[in-house]
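Here subunit A shows up in two complexes: once beside subunit B, once beside subunit C.
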Partner chain A sequence: MKLVFNNISKKYKTKIALDDFNITLTDGIQALLGPNGAGKSTLMNILAGLTKPSSGNITLDNEDTVKMGAKFRGILGYLPQNPGFYPSFTGYDLMKYFSVLKGIAGPESRIDELLEFVNLSSDSNRKYGEYSGGMKRRLGIAVSLLNDPKVLILDEPTAGLDPKERMRFRNILSRIGRNKIIIIATHIVSDVETIADNVILLKSGKLILSGSTSQVEEHIVGKVWNKPSDINEAEEYVLLNSNANIIKHGEEVSLHIVSDVKPFENAVAAQPTLEDVYMYFFDEGGMAGEKK
Partner chain B sequence: MLYEIKKLFSSPFTYICMLVVFVFFSVFAVNALKSRNSSNNAYEELLADINNSKMPDEEILIDLYSQFELLQIQINELGDSAFEKPGKYGKNIMEDYIIYSNAYSNASYIYQKFPNNRRQLVEDALYNISEEKSKTDPNTSVIKSNELVIEKYNRTIDLKFKDTGNIEGVQLFFDNTIWEYAMIAFVVMLAVRMFTMDISCGAYKMIHSSLNGQRSLFIKQFASVSVVVTAITVFTALIQIIFGKIFFDVNDLSLPLQSFPEFEFCPYLISTGIYFLIKFLCKLLFYIMIAAITAMVSVLCRKQFVSYAVSLSAGIIPLIIITYYFIYTTENASALASEYKIYNSLRCFLPQGLLNIKSYFRTFDYIDIFGFQISRLFLVLLISAVIMLTCLAVALRKYGKSKEVTI
Partner chain C sequence: MKIILYEFRKLIYSKRSLIIIAAVLMQILLILVPRNFEHEYSDEIYINYMKQLEGEYTEEKRNIILNRYYEINQTINEHENMITAYKQNTILLDEFEAHNSDFNRALAELSTIEYLMQKCSYFDEIGEGVFFYDTPWIDFFTNSGFNYIVALTIICLIIPVFDSEYQSEAAAMLLTSKYGKNYVCISKLIMVIVLAFAVALALYMVQYVTFVLHIKADHSDLDIKNLMGYKAFSGDSLKQYYMNDAVIKSFSCAAAALFICAVSIFAKNTVFTFFISFVFIVCPYFISSFFRGSWFEYAFAANQLGAMYSEDLNIYALSVTYILKASLYSGFCIRKWGKLQ
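Right, the complex of A and B next:
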């Protein structure tokens, strides 16, 4: 499958949410990284058919998704940023309701399978209003998987979840079949670092960079530094510089700095991580660059 | 669709609103019941005796009048003891007097007033036509209008001499504007809830991005609101029929509507039952139209408060205006022709006229439009249907297509 975004732009009265966004996505997990306000949710809404772009189009295997209409919605799964459901409906009721909306025949076995998959079988008869944040998000994932979608959009799926729930979410994602295009829009790098096949960096509506994790990290080789330090010096430095953080290994303290130039004489080049890439391109201090 | 109805009733607020509606209904039902006359078996006994005697029509009136006169003389002679002397049908002479008075009034309407007035209408229409045709430049609208009068009022309507019951009491029971306000508010509440709930709870993105989450869902949601509104309207209509039978003695729904003096000049050949059915359907159309307006407003603006405000205004403000002119022209002897003209125009173009259709059935209620005689009722039905379909078309087009939504 090939999902192509052709010159997608979205303009509001006072803001450009997306600016000439072009990319081709294939099967696998696509991590869409960017800070708040980068245009991730706008892009997801356009893909889900909820908002029209100001210009451009999206094609799936050379078919315009807008023209596909119901056919595209039939193969789409979407978990929006803040999903909500009817508080008085039970988890099972909601799955049944959405199975009707998604046109699924004989849904009971599919519902049971998915509730088991997201570990909500024992809570399916409780009302949605009684669910914890993690349970609500897992139910959302189950709903988005009801129609075994070929294109799955997850918009900030782990926002507000505790570490245990986030690990559970990563496990769920890794078990979903690989013959799908899964787009995860997030600003939490650690959620996608180990599972993403492709990373897309979005800032102020523009595509900054895309590629595999290693390809993206390659871009900032020689721009990540470690400097041994003491705790006072380190704390003082990070207070004044947003492009650094403190690393502690037992008693040893070092500064981890993302910078185009060597910040200190005794700083040593370090292996970049995806977190460093995020900091390099999205740091408010001016490390971010244009599309490369 | 069952899930959509379940969504409507998932909040206690819906039940509270329904309770308020039924409380309003009950309060005015009680008030109407207080105004009714109690069932008079004695009166029916007299009518049965007269019908069984197979007296010719012309003799019935004479017989009734002579009995009525006789009783009047007796009451004058007896004074207060008229209440003590047993009557033939009533408990006493005074009750007999009232019974014969009602029977004479009924009979004189059936055998004299009704046929004479209709004959006069036809004669007047014939005269108007000949007068108009004799002019050098005859007004064809006047001619067509009078021709239609002849067509409508020249038909024979066989009225029976029997107890028709208190239809005015039944209408008082159901044509109360304050109860209509409550029902309009309830319809608006239902429709706003249906078309903004998905947004307010955050489910709309997942719903509208689903296979059946666009137009087909809108149709189901609108159908769900319509089903609930129809159920309540049917229920209240059935209560009216049942109460009409039990408390207002409206027993024979097959009687021509003209059996009731209030509808003497009704141009349609319909029974009382058909009149109530038309009344019910008109109200239902109005409520469904309000639901369609509310659906459109809710889909367009997505904000609950604005949806409530605009839809309630669309439903209630015209009702206040039309009710004001109705009361002013019917209870104000000094009402000017211009005020009647305003009221008649409102009845023509405001769908709120469908809530009280009595005025469309009481007289020859046609207007000339491009040379065609069109009844006001037909016009208001057409306008209501157009408004409803237009709102539904707009809502359907915009449904599921979000600009960035704020709640």
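Right, the complex of A and C next:
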């Protein structure tokens, strides 16, 4: 499958949310990274058909997704940031309701399978309003998987979840399957670092960089540094510089700095991580570069 | 069909059901709370006359009224003479007091007997009639006023149909499913029409049943032509006239409900939707007197929520208006529902 974004732009009266976005996506987990206001949700809404782009189009295997209409929605799964289901419905009721909306005949076995998959079988008869944040999000993923979608969009799926729930979510995503295009829009790098096949960096509506995790990390080789330090010096430095954070290994403290130039004489080059990539391109201090 | 049932279930759950329960209680209270309406006659005297005259209008009863009318007028006319006679001592005090008592009673009964005379003329005109204590029915039909309870109930029940999807962000999940656009929208609109009609009709039925039980009326099967001014509806019983009116008002509520849906989809804001719905549903009734011609009555469906329907009402024209409006509002809803931004 090939999902192609052709010159997608979205302009509002006073703001350009997306600026000439072009990319081709294939099967696998696509991590769409960017800070708040980067245009991630706008891009997801355009793909999901919830809003029209000002210009450009999206094609799936050379078919315009807007013109596909219900056919595209039939293979689409979408989990918005705040799903907003109905509190008086039980989890099972919600699954049944959405299976009707998705045109799934005889959905009972599919519903049972998905509830088991997201570990909600024992809570399926409780009302949605009684679910915890993590349970709500897991039910959301189950609903979005009802029609076994070929394109799955997850908008900030782990926002507000505790670490245990986030790990559970990553495990679910890993098990979903590889013959899908799964797009995860997030600003929490650690949630996609180990599972993403492709990383897309978006800033101020523009595509900055895309590639596999190792490819994007390659871009900042020689720009990530570690410097041994004491806690007071480290805290003072971090207060004044947003491009650094403190790493503690037992009693040892070191500064981890993302910088184009070597910041200290005794700083040593470190292996970049996706977190460093995010900090490099989206640091407010201006470390971020644009796609050349 | 399944989608319609789910939409109904989404709307009517425990808390929203309280709106309907509250509306029912308010409708009952509206009937039970005593209200004093002005009449051109004395109701207490009228009740006594009706006990005496109740039943078919006959020549004998007509003569009773006529004779009493002449007696009253005679008593009133001779009052000045009696005063003069008493002053001149040509009559005794006892006789004068007796006359005075008759005079006061005559004055008190005058308006009522004049009303009964009008009624006799009316029955003569239509060729037949039945005397019965009809004051409660006249008050019920002519003093109903704009039914705020029904209007507010419909507004409060219907606003969440689309609004709740936007506020809870469930709209995104619905609109990205295969049947989430047109099917869901059409299902909601069908549910809205059925619900608005059913709730409005139920509230009007509650009002009627409460009224009938309260006045212990057993005249509901009488022809409405027995009420003065209602001969145009001859053939319908009192009950039938009210039912016809309730059905017209319920269809008006259904049309108004579609308007509310259209505003809700346009505004995507609860307060704004409530304000606009309230203004366009309630206000036209109160400004209709400033507009000449019956076109205004058809332009705003909720105008029918006020007084009982008149003989001038063209049911066919009203039906066409409602169908056109329903089509317009529904088309707007289906077109705009799929557009979140």
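Note that the second predicted complex is superposed on the first by the 292 of 292 C-alpha atoms of A that agree within 3 Å, B and C clash if a C-alpha of one lies under 4 Å from a C-alpha of the other, contacts with A are read in each partner's own complex, and residues count from 1 in each chain.
Operating definition for what follows: a residue touches a chain if its C-beta (ideal position, glycine included) is under 8 Å from a C-beta of that chain, and two chains touch if they have at least 3 such contacts.
Remember, predicted model here, so these are calculated numbers, not experimental data.
On the superposed subunit A, the two partners subunit B and subunit C do not both fit; they clash. Within the superposed three-chain model, A:Thr158 lies out of touch with both subunit B and subunit C [touch as defined at top].
Once the two complexes are overlaid on the shared chain, A:Gly74 sits against subunit B and subunit C alike. Legend: residue contacts after superposition of the two complexes on their common chain; A:Leu101 is shown touching both subunit B and subunit C. In the superposed model, A:Gly49 makes contact with both subunit B and subunit C. Stretch 24-32 of subunit C is the one among 24-32, 42-50 or 78-86 that clashes with subunit B after the shared chain A is superposed. When the two complexes are laid over each other on chain A, subunit A has residues 45, 48-52, 70, 73-74, 76, 78-80, 82-86, 88-89, 97-98, 100-103, 143, 147 in contact with both subunit B and subunit C. Contact residues on subunit A toward subunit B in their complex (touch as defined above): 12, 45, 48-52, 70, 73-74, 76, 78-80, 82-89, 93, 96-98, 100-103, 140, 143-144, 147.
Residues of subunit B touching subunit A in their complex: 3, 6-7, 10-11, 197, 201-203, 205-214, 217, 400-404.
Only residues 45, 48-52, 70, 73-74, 76-86, 88-89, 97-98, 100-103, 143, 147 of subunit A touch subunit C when the two sit together in their complex.
If you check the complex, the residues on subunit C that touch subunit A are 2-3, 6, 9-10, 13-14, 165, 167-170, 172-181, 183-184, 338-341.
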